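For reference, the structure I am asking about is given below.
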Amino acid sequence: MSPVRTLGEIARLIGAGLEGDPSTPIRDVSSLERAEEGTLVLVTEASYLSRLAQSPAAAVIAPPNLAIADRPVLRAKNPRLAFATVLELFHPPPTFPPGIAPSALIAPDATIHPKATISSFVVVESGAVIEAEVILAPFVYVGPRARIGEGSRVHANVTIQADVRVGRRCLIHPGAVLGADGFGFVFDGESHRKVPQVGTVVIEDDVEIGANVCIDRATVGETIVGRGTKIDNLVQIAHNVVIGERSILVAQAGIAGSSRIGRDVVLGPQSGVIDHMTIGAGSQVAGQSAVIRDVPPGAKLAGSPARPFDEELRVIAALGRLPQLLKAVRILEKRLEALEARLGEARD
Amino acid sequence: MSPVRTLGEIARLIGAGLEGDPSTPIRDVSSLERAEEGTLVLVTEASYLSRLAQSPAAAVIAPPNLAIADRPVLRAKNPRLAFATVLELFHPPPTFPPGIAPSALIAPDATIHPKATISSFVVVESGAVIEAEVILAPFVYVGPRARIGEGSRVHANVTIQADVRVGRRCLIHPGAVLGADGFGFVFDGESHRKVPQVGTVVIEDDVEIGANVCIDRATVGETIVGRGTKIDNLVQIAHNVVIGERSILVAQAGIAGSSRIGRDVVLGPQSGVIDHMTIGAGSQVAGQSAVIRDVPPGAKLAGSPARPFDEELRVIAALGRLPQLLKAVRILEKRLEALEARLGEARD
Amino acid sequence: MSPVRTLGEIARLIGAGLEGDPSTPIRDVSSLERAEEGTLVLVTEASYLSRLAQSPAAAVIAPPNLAIADRPVLRAKNPRLAFATVLELFHPPPTFPPGIAPSALIAPDATIHPKATISSFVVVESGAVIEAEVILAPFVYVGPRARIGEGSRVHANVTIQADVRVGRRCLIHPGAVLGADGFGFVFDGESHRKVPQVGTVVIEDDVEIGANVCIDRATVGETIVGRGTKIDNLVQIAHNVVIGERSILVAQAGIAGSSRIGRDVVLGPQSGVIDHMTIGAGSQVAGQSAVIRDVPPGAKLAGSPARPFDEELRVIAALGRLPQLLKAVRILEKRLEALEARLGEARD
């Protein structure tokens, strides 16, 4: 952890406005729920102010218009961004001395940049390329001809299969598997015969991949994850999927073969997309939903199968009244019968 | 496996009542479906008696009131518990000689208790602490300053990131990842900027964690799994989640950021809890359900989104009649129209 | 990659009919979307012909009756199968020299066939058996007494626990865990006491197991995956599950304890089967469905909980009209009320 800084210093470093004593010492950042003395906390809404009042936090990061009377405030238009910056300030990422650990096994014809860090018990196979400032943690496997781009960090127990290409500044969490075979079989009348999966996976720059994520190699061609896309834990990405830039795939989501996800898409937790779908840019799919039709750009969907979000909300609300509706219709039927009978009489 | 024991010995060791010949030799435990000669089986309900009749099992563990005529019986108030105890008797857990395998790499300033077992190809980083009677299997990574409590067992290919604390007598299955970064980003207008995840994970005593489970570190503060909680395979626990004691998270369930799960809660398989929820103690959430509102203690919920269990049952039953209901309403409309027409005539 | 071949050679090797110049050189296979010059592509339906027209592909594999005018065609009754065969032709699986890498740690009483390939940093424990032509990638753990059958390939970071038996010609992708403890506890009034999981896992021949899949060992007896069954990534198979031959479990599906899945069953992505179910041979369960009742052979199910597929389709269609239905019934009620009032008057 970094040393204590003054609030004035922090304001200057992150470019925030300051209300209160610039000499206020700040020793760390904390959550509002568990704030400690001498720390800076984030408050984005008035509803948190009562909690703040009881907190020993030394100062607050807050948006421009939120009135805060009881302690110094750093004002930021995007307070979450300011908070992230201060987090970095107090918790700079660890640095790793470059070099290859004695126990790492590097194929003679693999290329390791002298500024890369290869930890103990790493295997880098023939023809693989590890660029500058890459960090490979223990038990990382890099298959033949795979390439890890400059500044990427690969955590422990990650498997990167043959020919997979990882871009620059990517972050891959433990247990992720890049480039396992796609799930492709053809029934030959007797058994499911394997369709060789001879394509690969391309991860563009600035992608983050969560723990135990699976991204399968293409049957032929490439499974692609676009620049700046962020993938949460336990997500499944099947063969030949193409994901655009800056999309967000939340935990346990799954995308079946050959689907194309546009840029700036959000797939909620435990959602699914069947094969060969196209999801337009900027679309959002709620958690546990299932996309079974193409989705135009900018759509908001929910449900299994997925409907437009507002429609699904109405369906959900109506569903709760379905049992009463059944009763209401039975009553209507009886009333109508009675009426029909009476009208019959009336006519007689 | 242990040697043959007599039924009398077993009755005495597990404190069960005995009906039948105490000298009956028992060589192992088996399932009722695949019982073998000389084995003890568990029968908890009368519906299993016909299967028992055809089984070569030597004896039975059964509850007090279940009439069993055809072979010796161990009577136990909690027959499942008695069965578990007999399983332990015949299959004591393997023991591991303490010591550090020659190929393990232990940082000079890590602390390994002399009674711990560190297998081959284990990495323990700087400042980490491994307490007495801990067993680390091959390819376990223990990050800087992490701590593994007394008597815990960590299976192969588990990744425990920096600063994570694991309590005593925990059992962590292969491929689990503790302390990967939480999934936190803030959009800066151009890209999803990473919010540094500088908190950690605390696993209390007696927790079991399934294979390929992911438990993310807190943004700041701690993600906490309470004492005695059991987590099945492939479960996702996001940053800053707090789980109470003795809860049960069934396979493939997922809990989003900052949610608080009370004690004695059961989350069914493939269920989900969105972020910032509070689930009260003793609540039960059915499989594939989605909790999107706070849940009071003792609630039983089902559905996506989750409703009270009984209500969801009624909705499900009603749903099956929905297509007919549509028809019924169309018929009602026609009859009403006809009636309106006739009444019009009648009035004329 | 293999050298260039002529179309005539390929036709002969895969037993396909040929229309066009047999001397056409083919250098590889590609997808229709990203076809390159000199490659062979697969076209199964007329809807792809416009894309083919714009593609530089040198030739096409197509079914017998699909008219293709603009380039040479290989005719095959099962074009997907033919495509798979050509893929194998151009991309034969890599071969591995047999032998044990110097860094692998093999227990003195483990049996390694001289034709097996044991990579660096593999651990094979006491009593384990590795048959001929098995390939174990780095960081594979093979527990005590486990057995890997002839010709099976196990990718990096896979954990195979004690006593697990893997058949012949199986393919196990990275991060899979075979034989972790089943999730079995019995509440003793104070805590969830572990039920020892002393059974094992049996994987029959020709099974493929996806990345990060979890297959738990039986409490007693065996969890079984039948011959020729294919399992996609991140699937969960609980203790004592028995899966028949040639079934297909798509990504992120989960099967709870003791359920029996017949042969030729398909479980869709993210589907779930609760414990102690029986699913008949040839049944198909749609994605995100939940099987909570026994399923007869040949059934097609969908929904959570699962219904017959056609019924679920009707329910889904009806659901979209539910909000209007609520309105329609309210209108009916008013009209009926008015009618009742009028009829009351009419009678007066």
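Order of writing sets the labels: A, B and C. Residues in every chain begin at 1.
Please note the rule applied: a contact is a pair of C-beta atoms (placed from the backbone, for glycine too) under 8 Å apart; a residue touches a chain by one contact, two chains touch by 3 or more.
What you see is a predicted model, and the numbers here were worked out from it, not measured in a lab.
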Exercise for the section: Could you run down the chains that neighbour chain B and chain C together? Expected result: A
Handout entry: Superposition rotation for chain A onto chain C, Cα-based, multiple of 5°
Key = 120
Problem - Self-contact between copies chain A and chain B, residue sets same or different by half - result: different
Handout entry: Inter-centroid spacing, chain B versus chain A (mean Cα positions, whole Å)
Key = 25
Exercise for the section: Would you please write down the residue numbers of chain C that are in contact with two or more other chains? Expected result: 103, 121, 139, 157, 175, 212, 234, 252, 270, 288, 304, 319, 322, 325, 329, 332, 336, 339, 343, 346
Practice task
Would you mind writing out the residues of chain B in touch with chain C in their complex?
Solution key: 29-31, 33-34, 78, 80-81, 83-84, 87-88, 90-91, 93-94, 103, 119-121, 137-139, 155-157, 171, 173-175, 206, 208, 210-212, 228, 230, 232-234, 246, 248, 250-252, 269-270, 287-288, 304, 316, 319-320, 322-323, 325-326, 329, 332-333, 336, 339-340, 343, 346-347
Fill in the blank from the handout: Residue positions on chain C within touch of chain B in the complex are 103, 105, 121, 123, 139, 141, 144, 157-159, 161-162, 175, 177, 180-181, 183, 185-186, 188, 191-196, 198-199, 212, 214, 216, 218-221, 234, 236, 238, 240, 252, 254, 256, 270, 272, 274, 288, 290, 304-305, 307, 311, 314-315, 317-319, 321-322, 325, 328-329, 332, 335-336, 339, 342-343, 346
